[in-house]
Structure formats: C-alpha cells, structure tokens
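Below are two complexes that have subunit A in common, paired first with subunit B and then with subunit C.
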Partner chain A sequence: GVPRLVEWHKQRATSGFAAPSSPNQSECSHLQKLHRGSSFSSPVVEHVSSSSSSSLKTKTSIEPKGKHGTGALDVASAMSPAACSHVNGFKVDNWKQNLRVIYRCFVWSGSAETRKRKAKSCVCHVCGAHLSRLHSCLYCVFFGCFAKKHIHEHAKSKRHNLAIDLLYGGIYCFVCQDYIYDKDMEQIAKEEQRKAWKLQGTSHLFAPAGIGERYSTWEPTKRELELLQHNPKRRRITTNCTIGLRGLINLGNTCFMNCIVQALTHTPLLRDFFLSDRHKCEMKPNSCLVCEMSQLFQEFYSGHRSPHIPFRLLHLVWTHARHLAGYEQQDAHEFLIAALDVLHRHCKGDDNGKKANNPNHCNCIIDQIFTGGLQSDVTCQVCHGVSTTIDPFWDISLDLPGSSTPFWPLSPGSDGSVVNGESQMSGATTLTDCLRRFTRPEHLGSSAKIKCSGCHSYQESTKQLTMKKLPIVACFHLKRFEHSAKLRRKITTYVSFPLELDMTPFMASSKESRMNGQYQQSMDTLNNDNKYSLFAVVNHQGTLESGHYTTFIRQHKDQWFKCDDAIITKASIKDVLDSEGYLLFYHKQFLEYE
Partner chain B sequence: MKMEAMSLSGLDNTKLEALAHDIYSDLVEDACLGLCFEVHRAVKQGYFFLDETDQDSMKDFEIVDQPGVDIFGQVYNQWKNKECVCPNCSRSIAASRFAPHLEKCLGMGRNSSRIANRRIASSNNMSKSESDQEDNDDINDNDWSYGSEKKAKKRKSDKVFLRSLKQPVLLNPNSPRRSKSLKHKNGELNNNVNTDPYKYNYNSGISYETLGPEELRSLLTTQCGVISEHTKKMCTRSLRCPQHTDEQRRTVRVFLPGPSASTLPDVDAVVESDGYDVSDGQALMNRLQWDGSSDISPSDSASSKASTNNSDSKKPKKKKKPSLGLSSSGTGGTGGGTGGGPGTAGSGSSSQGVLSLPSRKKKPKLPAPPTPSIYDDMN
Partner chain C sequence: MSKESQLRALVNQKLIEMGERERLKELLRARLIECGWKDQLKAHCKDVIREKDSEHVTVEDLVAEITPKGRALVPDSVKKELLQRIRAFLAQHATL
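Take a look at the complex of A and B:
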C-alpha cells in the first residue's frame, strides 16, 4: 500500500502535477468513518483499501472525477474555493454580533416566541409574501423574496451584495451570483443553530433538558479530502457487499468466543461507536480490551477476506477475566458476560460527563447499550405492601420446558391469551411464553417468608419480576444446559422466537396499568418504545460433552449470514428462525434521544 | 399572500383540507430546497466526488452465494497453517493450537499447577546437564509450530541417548546409589521457587533404576510410570496419561516394585499381587521391552461420560471438536433468575455453576488409590 503510493506520487511530481505529501497507512485506516445511518440501514462508510490496491501502480495521472466541482478543485488552496472575496466588505466593525442577531432572530427559532416573531415579522417588504424563499439583506433591515427577485432588486439598487436565506441560513453573494460558504460566517451560523436547538423543548410541555445536539453529518477535513482524492478506489458498503463480514480462526475450542465476537461486531450501535473512534484509552498500551475491540472492527471492515486470528483478544480476555480459567470453560453466555464486564471496566476514559441514566449508574458505551433494569416486586400477602428493588442486568436467562423445574402453567389460572401473535395453545413453546413465565407472579411459599415492614413480621409473599428499563440491545439466554444434582443434560426443546418482538406486556409500566384496572388488550401500535428486532442468534449444536457454537447475524437490514468460525455463508431468515436458539440478541427498533 | 392570524374553528372540511394541503406542499418544497443546498455545498466545498465509487473494486466485494464456498468465494477449510505470536512468551504458535498454549503459558487451567509444581521440584535437583526436566505434556501438544517441533524432538533424542550411555544400569532398587538425575516427584520434595518456570525441557522421564522402593511406589501412585521403550525412562504424566494404556501401567506396577505390590488401582478395583521375584536384571529388561510403541493414539476411548473432574489431561491428536463448558442454574426457586448482572459479572450469574468439561472422549476416571494399605507390608 504505502510504498506504491509513494511511487505514484513521485511519478506525479515529475509529470508536473503538484505532489502533496503521501498519505500514510494509519490515516487511511481511520477513513472508515461512519457518516450516516440508522439501526439497520447500511452504514455509509467511505471505505478505502489501505493495502492491496493493485491498480494504483498502473495509474499515471489522476483527474478529479465527476462533472461537478472541477473548477472548484483547481482553485488555489490559499482561499477556500467556496468563499468569495466580496464578504470582506461585510466583515468590518461589529459584523459578528450583527450576524448573530440575524441568525438568532430570523433564521433559527428555538422557542415558541421566536417562532411566532419570525412568522409575524419576516415578510417581503415589497409584496408581503412570506414563503417564497425569503432573504434578509445583511447590510440593512430588508426582507425580500428570492423567487420574485425582490431581494435582487434591493441588492442592485442599494449595492448591498450579501443576503441570507431565512430558511437554511445560507449566504448569497449577488456579485458571484451564487451561495457562498465562508468559514467564519459558517462558524457563527453553526453556533447559533446549536443554541437554538438547546432551547427547543424548554417550554413547559417538554422536559427541561433540550432535545440535545443536532445531528450533523460528517464532513471531511481538508487533509481527509486530500487522502480520499488520492485513493480513488472507494467503495460504499451496499447491501451486496462483503465488507463488515469476516471469519474468525478457531484457536482451539474457541468457538464460544468467536460466536460472541460475531454478535458484538454486528451490533449496530457498537459498530457506530467504534468506527467513529469514540474510545479514548486511559490504559497502558496493549492492555485495553476496548482498544482491541476497536481494532477488531477495523479488521472486520478492512476488506480482508482471510479469517482474522483473534489471539490477542483471547489473551486480553483471559488476562482480565481470570475466572474463565483456561480454555475448558466454554460457555458462550458466560464469555459474553465476562467480556462485557471487562469492556465496561476498561471504558473509563469514555465517560462524557453526562449523568448516567441506567441502573448500573455508568455511562460507558457498554452500559448505554446493554444495561437494563429489572424490577422485583415482593408483595406481602397480608397487608399487600410492596417492596420494590431494581437491579441492573445485561441479559435475561429464561427457563425452558423440559427442565426439571416445571414450566407450565405459566401462572395459576392463566388463560390462553394471545400475546405477540402467539397463543399458548399452539404447539411450540415461544419466546413470549418464556418471557411470560419469567414475569409471572410467584408465590414464595411458607418456607420463604419475607419480613414485611408494614406488618412488622414474617409473612408469606409473592414475587414478580418485570422490566423497568429495557436496554437498547436485549440478550435472551435460553437455559439449555441443566446441571442439577441428579442430572446434567442439554435441553433441546424447540423454542420459536420472532423476528420482531414487542416487550410492552413485560414492562413494569404495563403491570402497573393492569393493576390500576386499565386493561390493554390491544397493543398500542403507535408506541414504538418497546419494539425490538432480532439481529443475532447464537446456536449450540451437539451434546453437553462436545458441541460447537455458530452464530447467525443480520447485516443490511434483511440479509442474514451464518458465521461458523472461519466460514461465513449466506443464510435465509427461515434458517435463522428454525434454529434451536441459545442466545438471542434483539435491538431496539427506534432509537430516540434521551 | 399576506399572513394573518386565523381561527380554524369556523372553517369547514374542504377549507381545512385545502389548508392542510398547502402546509404539506410547503413542507415538501422546503425539504427539496434543503437537499439542493446540501448538494450545492458539497460541490462547492469539494467533497461531492465522495459519492462516487469505483465500480470495479465494488465488484470485488460482492457477496458470493454458492455451495462449497463462503461469501468471499473461498473454498472452506483452507486455513490450516495460520500462525500467531503469543503475547506472553513471544513464540510463534500455530493458530489452532493457540488456546491450549496460552492456557499453559499464562499458568491457568487445570494442569498448570501440576506442571508448575513438577518444574519447581525438578529444577531444584537438577545439575546443569540434567536441567531439562521435561514437561511431558508439551511434547505431544504440538504447541510449537511445525518447524521448531521437529527441532525439539531431535534434540530430545540426542540427549536421551547420551544419558543412557552415561548412567549405570542399576537394577537393584535398594541400592543407595542414585544419580542426581532423578528426583522429580510431583513437587513432593521441595518447594523452592523455580527461577524459570516456563522453560520447556526435553527430558524423557525418570530412571527407574535409581529409585528406591518407597520412592518408586509413591511415584507410581501419582504417575503413569510406564517405561518408554525408547528412553528406558518412566513416564511422568498423570495416572490417566493417554499415551499409555492401563494395561501397560498395570504391568509396570507388577514388575517393578517387588513381590507383594499391588497393581495400579483401576476401574475394576482389581488388586493383583503376583509373587514376582526381581532376580534377573536382564530378564527384567527384556520384559520391559514393549512391543507397543509409545505413541498410541489417546483419543479412542469409547466412554464419553461427562466428568467434572479437573484432573484430566488433555491430549489432542485429531482435530478437536470444540467442547462445551456449561453453566446453568439448578435452582428453580428464584423466578427465572437473571443472567449475570454487571455487578456480579465476576462470578457469573448468581445461580450458575461453572463447569469445565473435556471435549474429547475420555477414559473413565480412576478412583484414588488406597495408598496406605497397599504398601504397608513392604519394608
């Protein structure tokens, strides 16, 4: 990669083109940046192959591709090609403050009052219109519409050659006859816009905090632009692209680790976090698992086809999670919890200072994504007083029918009510059945009396678990491996799990509304808070003594792939839903601001 | 189109619809304008070209969906010779053997303490020429990549040959004369700290000739003891060492210790006591020439009962099936039980036991020998 690039630049220099400094490889790897995307849309990643770009050596010259912007690219870099010299006449005296006022009052309206004021006062001084691309003169108080050229007339007659578009804040230069982009002026525009966003939501209708940061798309810096220009073999990650998928070598019974790595590298939020370089390390070099995770994402998005050898990852996990004690400990679920724990511990540098809002009271990316709150209500049978605790969890372990503890009936006197489109009466056990059992009220029995603070004595009680706060990624662990005193076996009962899951019935809030007499038999389809989509399934094939883990992962919204150590193959949704299922990973469908 | 505040209450449906439509089309037009500005800015700032991609290289990365190949179009199972460098010891290890190597390298896992103890004991009693007490497990573990393994084996055989020439063949177990070479006994002798615990040695075991009867017996209670035809030394692996059969172990215990020695305690708990006379050294030597070579395949026992015993030695010969460690809650009383929460992650889920299981089929575990009773009548 790099040596070839250097050669090529030398060639260019001799042929008369300007030769900028050669980009180095570390810069290239950081160009795998994410600059758009919701949960399952393909990340628009500018992918640059940093090595094995074999065609570079055959290129002798480079032309800026595309019809647009050719002129702009040729302009000397002394001044940004997008600016014009005509703004210099404006940038005198107190121009910054004046500009701020214009943005604040007439362009970005943050509160209801400013919106009203803008609507009332911003009309064309010539024709009274307010919707035909209104512009404000930058030199005097004049509003004119663009569509009917009233602002143009004003500019010509008054020689005021700058105006601002009141809808999007763009600056128009009448001499250049085009919108221009001046660095200083854009800086002011951005700051005012941010302030206005913060104001939004401070009315009594909303929570005190603002909506938050306005999302701005990624813009390359000058340096990055150069690098990208000199590396024309750019690829977009489309739905038919292998980038982001990679096999993992089995290091000796390490499929339990490989399957978890595949699930984590295909967790959209984690991918976004690491591909945008959010981790700031505070640990010694080569000892941080989060750094290694970051490196793992780079490997997965490198475009390499040969499987990756995760030996450093194994070394780090064992070093930091000694209780895993050797490669004989091989439960994938246990590895997941240990890995999340080590990652969480190593994330200390990433605390961005915001108040932690999850039950684990931590703001690291692991807790933001994986931590949920499990509410446990213990109700005294005598005085009906309820004692509530909320515990953090990273996963939910569900009992299955076929184990030594009885599964059915889910609760005394339960009916065959339909939840999530599946009824109890049909054949296969469903994930929803397991969740209903998990959240059923359970009588604790006379041998387990709880001290009731209301009655001041030990009383019988019932206990019920519900979800207080759902994590962004919910991991369900089907307890297939039974280790009671009498027997050890694998429970292979088929449990059907859905592609889309609504967790609303299992929420603490639903339970409260049920108890308050508001029965919600129909799902509130407009409430999207609790809707989840399946994105990874870890399966175990084999017996208790010897088995093998594989993972199905979802990429590009509706494509599924089977990850079997080093072998990645395409899979159908049917393959996934028919599989036995051991660990099920669901991702919240709609992400909202806090 | 002058704007004024207007009340909606007096309007009928058609007017309301018209208003709504107006607002809607305004919004759509504004959105389109926004897009135009985005493109315009991208062009002027010079990053519009980023939208373009190289078609040829895009084709390189298309997903392949055909039988027999993975999504990259590669044939399965061609990744046998991958290697990596151990971060702990900086040696080059075959990737598929990295995990067991790392386990020993880090001193974790079930065998490591035994191995470390043995090393501690051996390194204290070794002279320089004999400083290579081998960890027998490692030779067969193929930890080393192929090249260095060959070298290692070669060196080992050289040393052994020299050693057997040097030492007198003493068949009288009661002889006071002992070579210094001897004494590792699984850490029974000394607890001095080993200065170099991870040095891999190439010795071949214990010279049985130089052992006293008691030493021999106690050795045989903890070690395999089968005498290698090649090196004439006793195997120092565990009692369940898969390189030798129980039959061999039984025979050693019959022939070596003396008359009323019992055999190796085995599954059937058969105690054989032959009245055997150690009279003829040569005869002994002859008897101890095994026909069977010392490289019997270990992983062919039919029994595969899951065992929670951590003392199994692991011998990979064939391609290993990844094994399964299991954890599960045996308690049904706590409504379902959550998985290991963040606070309790260190110990796994609160109700989960952690289990280690060998992946390969294992011979049944042997019960512990009833030590005192066997050797009471000796001496």
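Take a look at the complex of A and C:
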C-alpha cells in the first residue's frame, strides 16, 4: 500500500554534497555529459568501506537509517512493495509475454510498424477520443477513456479489474481504485521502455531539440545489492566530515608529486568523474595512469586515516614521464603538466576519447576540465593587420617582478584600482598585476620582425595574449624558479592572490570591446561566466637546491587544510592567502551550458 | 465526431506514426524540468499529500488537485516552442 511506497521513495531520494567552491551544478552541459541526466541533482558519492577486496563504487546515496534504522537491508525489500492481490488473477499462463506485447504495441511503440498500429487503433471504443487518458484493458482488447470513465464502465461490466495507462504505462486496479506497483510488471515495463528507446535511435535524433541523452534512474543490480548487504558500514557526509583527506608518504623527495596529487584529488569535477567510475580502460593492466588515479581516489575517499603510500603511482610516472624519474627533487609544475599529459593520453577509452590523438579535438575529462584557449594577436605596425592564433593551454605561467625579465611598467590604461579584492599593500604585487602584465601588448623589437601577409614584407609588430576560452579549472604558475644562463635562483617576491577572481578583464572579448571604445566595467558584475574561486595552493619552501612542497586544499565551502606529505592539519584562510604561492588552482564558480 | 475533432485525430495519428509524438514528449519533459516546473509540481504534490490523509491518497486525488496548477504554470515560451514544432512538422508532412 501507500505507506511502504512513501518509505521506498524516501530511501531512493538523493541528498546533496556540497563541493568546496559550490559551483551552480544544476545546469551544466559539462556535468550533463558526465552525469547524463536531464534532471540533474547534486550527485552524492559515498564509498562503502569494505573489508574484502570487492569495493563498490556507488553512484547515488542511500539514506543510512530509514525509519526502522536498519539501513541497506530495508532498501532491498522496501524497493518492491507488494502489489494488490488482485493482480494474481492476471498473472497466469503466459501473462509476461502478453504484457510485453501490450507495452510494445500500445505504450512504448519503438518500431515504425508498431507506431502505425498504435496510431490507428488507440482510440476509445466508446467515443473515439484519443487524448483523454486512454487506457487499455489487460484482459481483452478494449481501449477506453479514463477521463470520461469509459474504461471504468468496461471494467465493471466485464469484471476485468486491470487496465494500463497508454501514456505512461501505469497499471490501474479497479478494485483498489488506484494505480498499483507490482515488481514483476514494473520490471517488464522498464525493459520494454529501454528497448523502445533503443529502437527509436540514438540521442542525435533528440540533439536538434537540445535534449541530450535520456535519463534513467540508477537501480542497483543483484550483485550490487549483495555487496551492499555484505558491507553494511555506511558513512554519512556532513559539513564537518573529513572524508577525502589523506596524507601521502614521501618516498624520497617525492613531495613534488604529493603536492600535485593533493590538488588533483580535491578538484571537484575530477573527483566526481573518478568516483562515478567513468573511466573505461583500453590499456594493458597496471600500465594506465588513469586507472591508477581512479585507485588513488578510492584510497582517498575510503575513510582510512593512515597516510597512503603512492609507490604504484610513482612507478607509473617514472615509466611514462622519464624526465621525472630518479630520486632528485623535481619541479611540481613540471610534474603537473606531465601528469595531465599522460592522463590525457591514457583516456583513450572514455567517451569521445577516441580523438585523443588529435590535441585540438579531444573531449577527455582532462581536456574538459583543464584546457583553455589562449589567443595570440600579432599586429603589424605598418598596416595594422592582425594575425590571430589560438593555442590550447593547461596552465598560465606568470613572470614575477624581481626576475630578469622586466616587470614594470604595466600597460597604459591600467588605472591601478583595486581589482578582485586583493590586498593592496603599497608596492605589493597582486595576481591581477601579473595577469595584466601577461595580457599587455608587447612590442616585438626590430630584431624580431615578423612576415606580414598584408605588407608582404618583414615588419615590426606588437603581440598581445588574451584568454579566448577559459578552462573550468585555471592553474596559475608563478615563475619563481629562474634558470637563466647566468644564474639559478628562486624569486621569493610576495604576490598576493585573491580568494575570488574575475577573469573578465583578461578575456579576448573584453579586449575587443575596450578597443571599440566600450567600457564594460559595470557589466562585469553581471557576467558570471568568468568568476573563479581558489581551491588549492601549492607552496615551495626553501631554496632551489633543497626545498619542500606543500599544498593547501579547500574542503566543503570554507575549510582549508594544509597537506604536508603525510601530515594534514587544519589551516585558516589567512594562512592560505599569506603564503608565498607557487601554483594557484582556481575553479569556475558557475558552470553554464556550452 | 465534429470536423475539428476528426482533424485532431488525424494529426495525432500522424504524430504517432512518425515518432514525432515521442520526440515532442521528450522535448516537453526536458523543458519543464529545466524551467523548474517539475520541481514546483513535485513540491505541490507533497503538500497535498501532507494535507490529506497520507494513507489514503490515490493517484486520482493528486491528478485532480494538481492539474489546474500544472496547466497554469507551463511557461508561455514552452507552449510557443511546442506549437512551432508541431506547425513545422505539419508543414513538412502536408499530405494530410
């Protein structure tokens, strides 16, 4: 009856998990691709800790304690409330096949032939109407309106107590006077619906309507139910829980790897991708870095408090990025780029990863999250013709004051106002200053003339970089390590960086409007596309010769933790913002449709 | 049956035959979810169940309660889009 149905729905409900920078996740085509839902709600990912080697990667959560407080076992039985006893009269002989035929022909008509038949025959036998909640009798060939009670009359006179709704496939019992939910019948309905969907073709038919793929709720398979029952321990995700935090053992100057792993395991979209088990491996076992990454996420979200020993990861890195092999201290930034590159190459099996060999058209998870487009405009000083190229990037490397490359003066037109709420201590450089410098027009001197296609000769030019397309995760690399011919040193100039960053002034589109004389200052606050939130900071302490990497990462919305190899400690926002900063990871605040 | 209802039946037949009805249904479903209609109605259903005796609410009760609100809350833009789709479809299959 209804009480158990209500219980069933309560236990199937999903609850939300607050990601650190709380992007607006309800409408995002990237996430649609990841989660394939037209009705999207914040995914809850909960790892069921298991004693045996079979670990279950769950996709939705199950409320840990139902009304009766017994958890998973309740779900299994409550999922299929018994239908009314009146279906027993129907469930005789070859009823399953008969029901399938009814679904196939009159409810979920997949093929052209069944559609034609449905179109012709599905009308009320009493009044000929086709749109008044038509039902089909389950005992004989009779169609009748529900709204005008024609099917009710039939049921009464013929004592046929079951009918099926031709629009949605629900089964109505005239004795109970309500729709009933029979496990076996629902199973058949679901199977026939899926079959019909397949027949109707792939999602490209729906693409013009902008719908994307069909959404079907997740149901546990028999095997998954078994696993859930054998592993009854549940973990509730609250605002203060520390799941996802885990130390990493230093295997000999491997803090350059550890610090990046901490940043990656706390990148919300990457975490969601791996915990939803979306990687399909096409490589030899034990050679795929993406699989190892997946394992790493399982370790981090397992709830184990002891530090993890990433020896397999190190081995894979040495195998696939030989320039990082060896026990010397390496550059964390180099490791980041190498890791992203190997992950990108190993994503061959995932979705559109088939295009992995074409760097411009890959759609793997790494590209979806990290790849942005950098626009380079070279303007000929003579004819003012502009030659534009757009290159993909995974990070932005920024020069700092105090390096051999001149930092000041900034581009003309900068008004020195406080942008992005950075602390403007007198003289202190901000991230925004660095970005302004990065995107300033630069005169390429007379020794670097370029061939101008307009003038057909070599001319002096100016070059300017702007952001064409922003990645979901923007990584800023402050170039603190100088390796010029003369000296090798570390630049320790303090650069203040903000918690929230607006990239609008550095966009190619903004530059175009500025050139056209339009001042967009007031519009910036309305445009949410370019707003970013800090979620990880990698710091380097020490000198070029001997140094140590640590990472600050963000949990939930406002909690920060310092990851120093095996030691994780709570940190304040002030600790983070006062730190020197080497690699800064920002996450888009709002994820929009493409 | 009146001329109009005959025409309606014919249009409906064509829509079903060509699979367009299914596509329109999916389109409508997606749009109603996107604009929050589904969530609003769902909340309304919960309210209705809470008000009535939750042991004895039938589907019919719910249908009766939420249909007027449901109809009223469909955004005009959605109605327009569907109408355009149907018109386009009919124009394409003008051999009616």
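Heads up, the rule we're going with is that the second predicted complex is superposed on the first by the 341 of 594 C-alpha atoms of A that agree within 3 Å, B and C clash if a C-alpha of one lies under 4 Å from a C-alpha of the other, contacts with A are read in each partner's own complex, and residues count from 1 in each chain.
In this text, a residue touches a chain if its C-beta (ideal position, glycine included) is under 8 Å from a C-beta of that chain, and two chains touch if they have at least 3 such contacts.
Since this is a predicted model, take the numbers as computed values, not measurements.
Chemist: After the superposition on A, what does A:128 contact: first (subunit B), second (subunit C), both or neither?
Modeler: both
Chemist: May I ask you to decide whether A:233 touches subunit B, subunit C, both, or neither, giving the answer as first, second, both or neither?
Modeler: first
Chemist: Where does A:395 make contact in the superposed view: on subunit B (first), on subunit C (second), on both, or on neither?
Modeler: A:395 sits against subunit B, while subunit C stays out of touch.
Chemist: In the overlaid three-chain picture, which partner chain does A:285 touch, first (subunit B) or second (subunit C), both, or neither?
Modeler: A:285: touches no partner chain.
Chemist: Figure out whether A:177 sits in contact with subunit B (first) or subunit C (second), or with both, or with neither.
Modeler: In the superposition, A:177 contacts subunit C only.
Chemist: Going by the touch definition up top, name the partner, subunit B or subunit C, that contacts more of subunit A.
Modeler: The larger set of subunit A residues in touch belongs to B.
Chemist: Just to be sure I read the superposition right, which of the two partners does A:115 touch: subunit B = first, subunit C = second, or both, or neither?
Modeler: Touch status of A:115: second partner only.
Chemist: For subunit A, which residues lie in the overlap of the subunit B contacts and the subunit C contacts?
Modeler: The overlap between the subunit B and subunit C interfaces on subunit A comprises residues 119-120, 123, 128-131, 170, 178-179.
Chemist: Would you mind writing out the residues of subunit C in touch with subunit A in their complex?
Modeler: Its residues touching subunit A are 1, 5, 8-9, 12-19, 22-23, 26-27, 29-30, 33-34, 38, 54-60, 85.
Chemist: Using the touch definition from the top, list the residues of subunit B that touch subunit A in their complex.
Modeler: Per the touch definition, subunit B meets subunit A at residues 1-3, 26, 30, 33-34, 37, 40-41, 43-50, 52-54, 56-58, 61-63, 65, 70-72, 74, 76-77, 79, 82, 84, 86-88, 93, 95-103, 106, 108-110, 112, 304-306, 316, 320-330, 332-333, 335-343, 345-349, 352-360.
Chemist: Can you tell me which positions in subunit A touch subunit C when the two form their complex?
Modeler: Within the complex, subunit A touches subunit C at residues 1-3, 6, 27, 38-39, 109, 112, 115-116, 118-120, 122-123, 128-131, 170, 177-179, 200, 205-206, 209-212, 214.
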